[in-house]
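These notes open a run of structures that come right after.
In the two complexes that follow, chain A is the common piece, with chain B as its partner first and chain C second.
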Partner chain A sequence: MALLSVTGLTVELQTSRGMVPAVRGVSFDLEKGGTLGVVGESGCGKSITALAIMGLLPDGARTTGRVDLDGTDLLTLDEAARCGIRGNRIAMIFQEPMTSLNPVHRIGRQIAEPLRLHRGLRGANARDEVLRLLDRVGLPDPARRINAYPHQMSGGQRQRVMIAMALSCAPDILLADEPTTALDVTIQGQILDLINELVDDTGMGLILISHDLGVIGETTENVAVMYGGTVVEQGATDRLFAKLAHPYSQGLFAAIPRLGEARRGPLPTIAGTVPELADFPPGCAFADRCAKATDVCWRLSPRMQRIGPAHRAACHHLADGQGKAMA
Partner chain B sequence: MQAIETVKETVRPGQGVASSGFVRRALGHRSFMIGLVLTGTMIILALVSLVWTPHSPTEIVIAERLKLPSPGHWLGTDQFGRDILSMIMAGAQTSIVVGLIAVSLGAAVGISLGLWAAARRGWTEDVIMRLSDLNLAFPVILIAILLTAGWGPGITNAILALGIYNISVFARQVRGAGIAMWEREFVLAARAAGKGNLAITIEHILPNIISIIVVQATISFAIAILAEAALSYLGVGSQPPNPSWGRMLSESQNYIFLTPIIAVWPGLAIVLSVLGLNLIGDGLRDLVDPRLARRR
Partner chain C sequence: MSVFLARRFLTFLITVSGASVIIFLLLEVLPGDPALTMLGVDAPDSAVAAIRLELGLDRPAAVRYVDWIAGLFHGEMGLSYVYKVPVTELIGQRLRVTLPLAIGAMLLATLTSLALGIFAATNHNRIGDYGVMGFSQLGLAIPDFWFGILLIILFAVILRWLPSGGFPGWDEGIWRGLRALALPVFTLSLSLTAMMTRVTRSAVLEVAREDFVRTARAKGLSRRAALWRHVLRNALVPVLTIGGVLVASVLTGTLIIENVFALPGVGKLIFDAISNRDLMVVKNVVLLFAVIVVVVNFMVDILYAMVDPRIRIQT
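Let's look at the complex of A and B:
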C-alpha cells in the first residue's frame, strides 16, 4: 500500500464569486521513499493540493475525497490530530524563505520548535539536535549561526534553515512547494542537490511542486502534470518526458527556451490564459486553449487512460495527431 | 569588490527589531526626547511626593489662603491655604495610578480578546467586535456616571470606567494587526510545523505586534490622565481629601476672577503631562517604523 494516497481530492475555495473549485478530482500515490513532482503553471491548483494534504487551507474551504496516510484518512481527523502529523510525519517547505521565518526569533529557537512540540526535546538536548541539523543542511559554522536572526542570513541560507526545520522530526514525507523559485540559479542547484541527498539518506518521500520542468526532471522519479485543478498526465518521469501525450504537457515542454539551439522564430507559447477558477468549461479544462479541441472536449471531461507502462493521460485525442505519432 | 558590497547591503540588520540603532535614533528624535523629559518630570514629581513634599498637600492654613507664588509657597496657595506645589506633586500620583491601572486593565483584557478574535475569526470575532463597538458607543464619562450611580463616586469607578473603555481600544487595534500577521508566511510555516493556534498566537503573533501595543498604551495613558481629570472635575472621580488635578481645577474655578493663577497650575500640569505622553507615543510610532520617520 502506498504511504500517501490522494484519491479524488476536490477543494472548493470561498471567493467573492461564491464557492469555486480550485482542485477537481486529483489522485496520486506516493510510495515510501518515493519522489513525485507536481508541475503546472500558476493557478493550476498544485499549491492548494499541497495545503489540502497538510490541512492548512484557508478558512471556508470545502474538501472532498480522501488523503490517506498509512491507511488513515487525514481529512477525517480533528485539528489536534492533524497538528500531531504536521511537522512530524509530513513536513513542508515554502517558496519564500525570506518571509517564512519569524523575524523576531533567533533561528535556533525556530528550528527547535518542532523538536519541542513533537519530540519533547528541551534545553541542551534540543540545542545539540539543532546543531546537528544545521550541519546536516550544510550551513557553515552552526554554533555561531544558531544565534542569528533571519535578517542576518541570505535567501539560500534561510531555505537551508527551513529545510532543517522540516527535517527535524524525521518526517515520512517532505512537501516542497516551489522551494527554489525565489532563489538565484546557482543556489537553486545547491538546494535541490541537498534535497535529493536528504531524500536518498533518510528514505523520506518527497512531493516537489514546481512550475520548472528542469527542476522536476532532475529530482523526481514520478511526475504529475496539473492543469485547471486536475491531473492531465502522470507517470514515471523518464517515460513521460520521453513521450508527452497530453497537448498541455507538449505545450509546456515546447515553451522551454533551450540554450545553444539556434532560434528559429519566436518561442512557442500556449495560446490564451488560464481561465478564472469559476469559468472553467464543463468538459476538458484545457479545451479553450487546445489546438486539437473538438465538440466532445467541451462537453465531456476526459478520463485518465493508460498509454504505456506507468504512464497515463486524460485527453480525448490521445489516439490522433501527435499523440498517435509518438505512441 | 562591488559584489561584496552588495552582499553587505542585503544582510544589513534592521526591520524594526530593537537594536542599538534604536537608542541612537531615539536620542536624535527631538519631539520624542521632549516628551520623555516632560513625562519623566511628572514621574519624578510623583515619586518624590511619596517621601517629601514642601508642605502637606492636605494641611489647611486659612491665614495663608489664596496667596500668590512666594519663596514659602513656590506656586502659591489655594482657597484653604494648601500649598499648590505639594498638591500638584501628590496629584501626579493619582494621575499615574489611575492611568497605569486603567491602561493595564484595558490592555490585558483587550489584547487577549483581540488576539482571540484574530486567531479564531468567524463568529467569535463577530461577537467580540460587535460587543466592542457597543462598548465604544458609550463615552467614558457616561460609563463613569453609570458606575457612580450604582456604587457611589470614587476613584475605583473612574479607573473601572477607563479600563472598560480601553478594552475596546486595545481589542480593535490588536485584532487588526493580528489578522494581518496571521496572513504572513512564517505563520503558515509555523502551522506546517504542527503548532496550534495558542502557541502561534503567543510565539509569533504577539511578539510581532508588540510595538503597536506599546504605542497604543502610551497614547491611552495620556487619554486616561485627561479623562481622570475630567471625571474628578465633574466630581465622579477622585474624592477629597485625595489630591487630584481635575478637582483642583474645579475647586479653583470659583476663585478664577479673584486669583486666576490657582487655576493655571493644575491646567498646566494636565496639559504638559498629556503632551509629554503624546509626544512619546508619536515618537515611538516613528521609531518603530523607520520608513514613516524618513517621510516626515
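Let's look at the complex of A and C:
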C-alpha cells in the first residue's frame, strides 16, 4: 500500500464568480521514501493540491475525493487530528522564504514550535534539537543564528530555516511548493541538493512542486504533469521524459531554452493563455490551446490511459503521435 | 538604543518648544482682555490699567513668554487670574479626576476593542462580525455628550445605580470615587472603542492572510494558537499607532465629558478658564496636554520597537 494515496481529489474554491473547481479529479500515489514531482504552469492547481493534502485550503473551499495516509482518509479527520499530522507526519515548505517566517519571532523559537507541539520538547532539550537541525540544514554558526530574526538573514538562509522547521519532527512526507523559485540561481542548486540529501538520509517521501522541468527531472523518480486542475500525464520520470505523450507535456518541454544549442527561430511557446478557472471547457482542459484538438476534445474529458510501463496520459489523440521523444 | 533615545528626546524638546510658542501667540492674538473680563466692560480705564499692572500684562509679550518658560523650569506656572492660587496647585487637584478618567477610558477602550476586534476578525463575514461592525458604526456616529446624557437617564435617573454627576473626592473613599467615574469613563471610551475595534479587526484580518500564518498552521498549530502566537503581535503595530493618536482625542474629550457629568477635572478647569479669560490657566493646561500627547507617542514608539524587532534596527 502506498504511503500517500490521492484519489479523485477535487477542490472547489470560493470566488467572486461562485464556486470554481481548481483541482478536478487528481489521483497519484507516493510510496514510502518515494519522490514525486508535480509540474505545470501557474494556476494549474498544483499548489492547491498540496494545500488540500495539508488541509490548509482557504476558507470556503470544498474538497471531495480521498487523501489516504497509511490507509486513513485525511479528509474525514477532524481539525484537531489534522493538526496532529501537519508538521508532524506531513511537513510543508513554501515558495516565499522572505514572507514565510514570522518577522517578530527569533528563528530558534519558530523552529522549536513544532518540537514543542508534537514532541513535547522544551527548554534546553528543544534548544539542542534546534541547534542540531540548523547544523543539519547547513546554516553556519547555529549557536549565534538561533537568536537571529528572519530579517537578519538572506533568502537562502531563510529557506534553510524553513527546511529545518519542516524536518524537525522527522515527517514521513515533505511537501515542497516551489522551494527554490524565489531564490538566486546559485542558491537554488544548494537548496535542491540539500533537499535531495535529506530525502536520501531520512527516507522521507517528497512531493516537489515546480514549474521547472529541470528541477523535477533531477530530483524526483516520478512525475505528474498538471494542467487546468487535472493530471494530464504521469509516470516514472525517465520514461516520461523519454517519451512525452500528452500535447501539453510536449509543448512544455519544447518551451525550455537549451544551452549550447543554436537557436533556430524563436523559442516555441504554447499558444494562448491558461483560461480562468471558471472558464475551462467541459471536455479536455487543454482543448482550446491544443493543435490536435477535435470535436471530441471539447465534449469529453479524456480518461487516463496506460501507454507503457509506469507511464499514463489523458488525451483523445494519444494514438496519433504515440508520444514524442524529448528533443 | 541610546542614540534612539537621544534623538527622541531632542524631537520631544523641539515639539514642546514649538507648541509653547504657538500656544502663547494664539492667546496673544485672541480677543478678550483678562482685565476687562474680570472688571466688566464698564470699568474705568485706571482700574483696568491697575489690574493689567498687577497681572504683569503691561510688559512686552516676549518678556512674558520668557518669564513663563523660565517659570516652568522651576516648576512654577504662575497665579491664576481668577482663583489667585498657583496654577500648578489647580492642575494638581484637577488631575486627580482627569487622569483616572482618561486612563480608565483608554484602558477600557483598549481591552474592549482588542476583544471585539479579534472576535470580529475570527468571525469574518459572519453574524458576529456584522454585529461588532454595526456597534462600532453606531459608536462612531453617536456624539459623546448625547451618549452621556442617555447613560445618565438610564443608570442614574431610572435605575438609580450610579450618581448622575459630580465628584465626591477621593477622600470620601475609593469606591465612591470610582462609582462617580464609571459613567464618564464608559461615555468617553465609546468612540475610542469603536475606532480601535475597526483597526484591530482589519489588522488581524490582514495579518491572518500573511504567509507566515500559513507556515504556523503547516507546523500543526490550530487556528486559535496561530492567532495568539503569530497574528496578534504583528497586528499590534497599527493598533498602537491609532491608540497613540487617540490619546489626544481622549484629552479633548474630557472637556466635554467633565462638563456633562459636572466633574471637577482639568477639562472643566480649562473650559471655565477660557470663559473667564484666565489665560494663565489656559496656556499651561494646553501645554500640559501637548506634553502628554508627545510623551505618549514617544512611549508608543518604544512599544513599536518592542513589538517588532525590525523597527529597532532601523532607528
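Keep in mind that, in the parts below, the second predicted complex is superposed on the first by the 321 of 327 C-alpha atoms of A that agree within 3 Å, B and C clash if a C-alpha of one lies under 4 Å from a C-alpha of the other, contacts with A are read in each partner's own complex, and residues count from 1 in each chain.
As a working rule, a residue touches a chain if its C-beta (ideal position, glycine included) is under 8 Å from a C-beta of that chain, and two chains touch if they have at least 3 such contacts.
Computed from a predicted model, the values in this text were never measured in an experiment.
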Fit or clash - chain C, chain B, common chain A: clash
First, second, both or neither for A:147, with chain B first and chain C second: neither
Contacts of A:103 with chain B and chain C, given as first, second, both or neither: both
First, second, both or neither for A:72, with chain B first and chain C second: neither
Touching partner for A:114 - first (chain B), second (chain C), both, neither: both
Contacts of A:92 with chain B and chain C, given as first, second, both or neither: both
Contacts of A:15 with chain B and chain C, given as first, second, both or neither: neither
Chain B and chain C contact sites that coincide on chain A, given as residue numbers: 54, 56, 59, 79-80, 83-88, 91-92, 94, 96, 99-105, 113-114, 117-118, 149, 151-152, 162, 165
In the complex, chain A residues that touch chain C: 54, 56, 59, 79-80, 83-88, 91-92, 94, 96, 99-105, 113-114, 117-118, 149, 151-152, 162, 165
In the complex, chain A residues that touch chain B: 54, 56, 59, 79-80, 83-88, 91-92, 94, 96, 99-105, 113-114, 117-118, 149, 151-154, 162, 165-166
Contact set on chain B toward chain A in their complex: 7, 10-11, 13-15, 17, 121-122, 184-186, 188-196, 199, 203-204, 207-208
Interface residues, chain C side, partner chain A - complex: 124, 210-212, 214-223, 229-230, 233-234, 307-310, 313
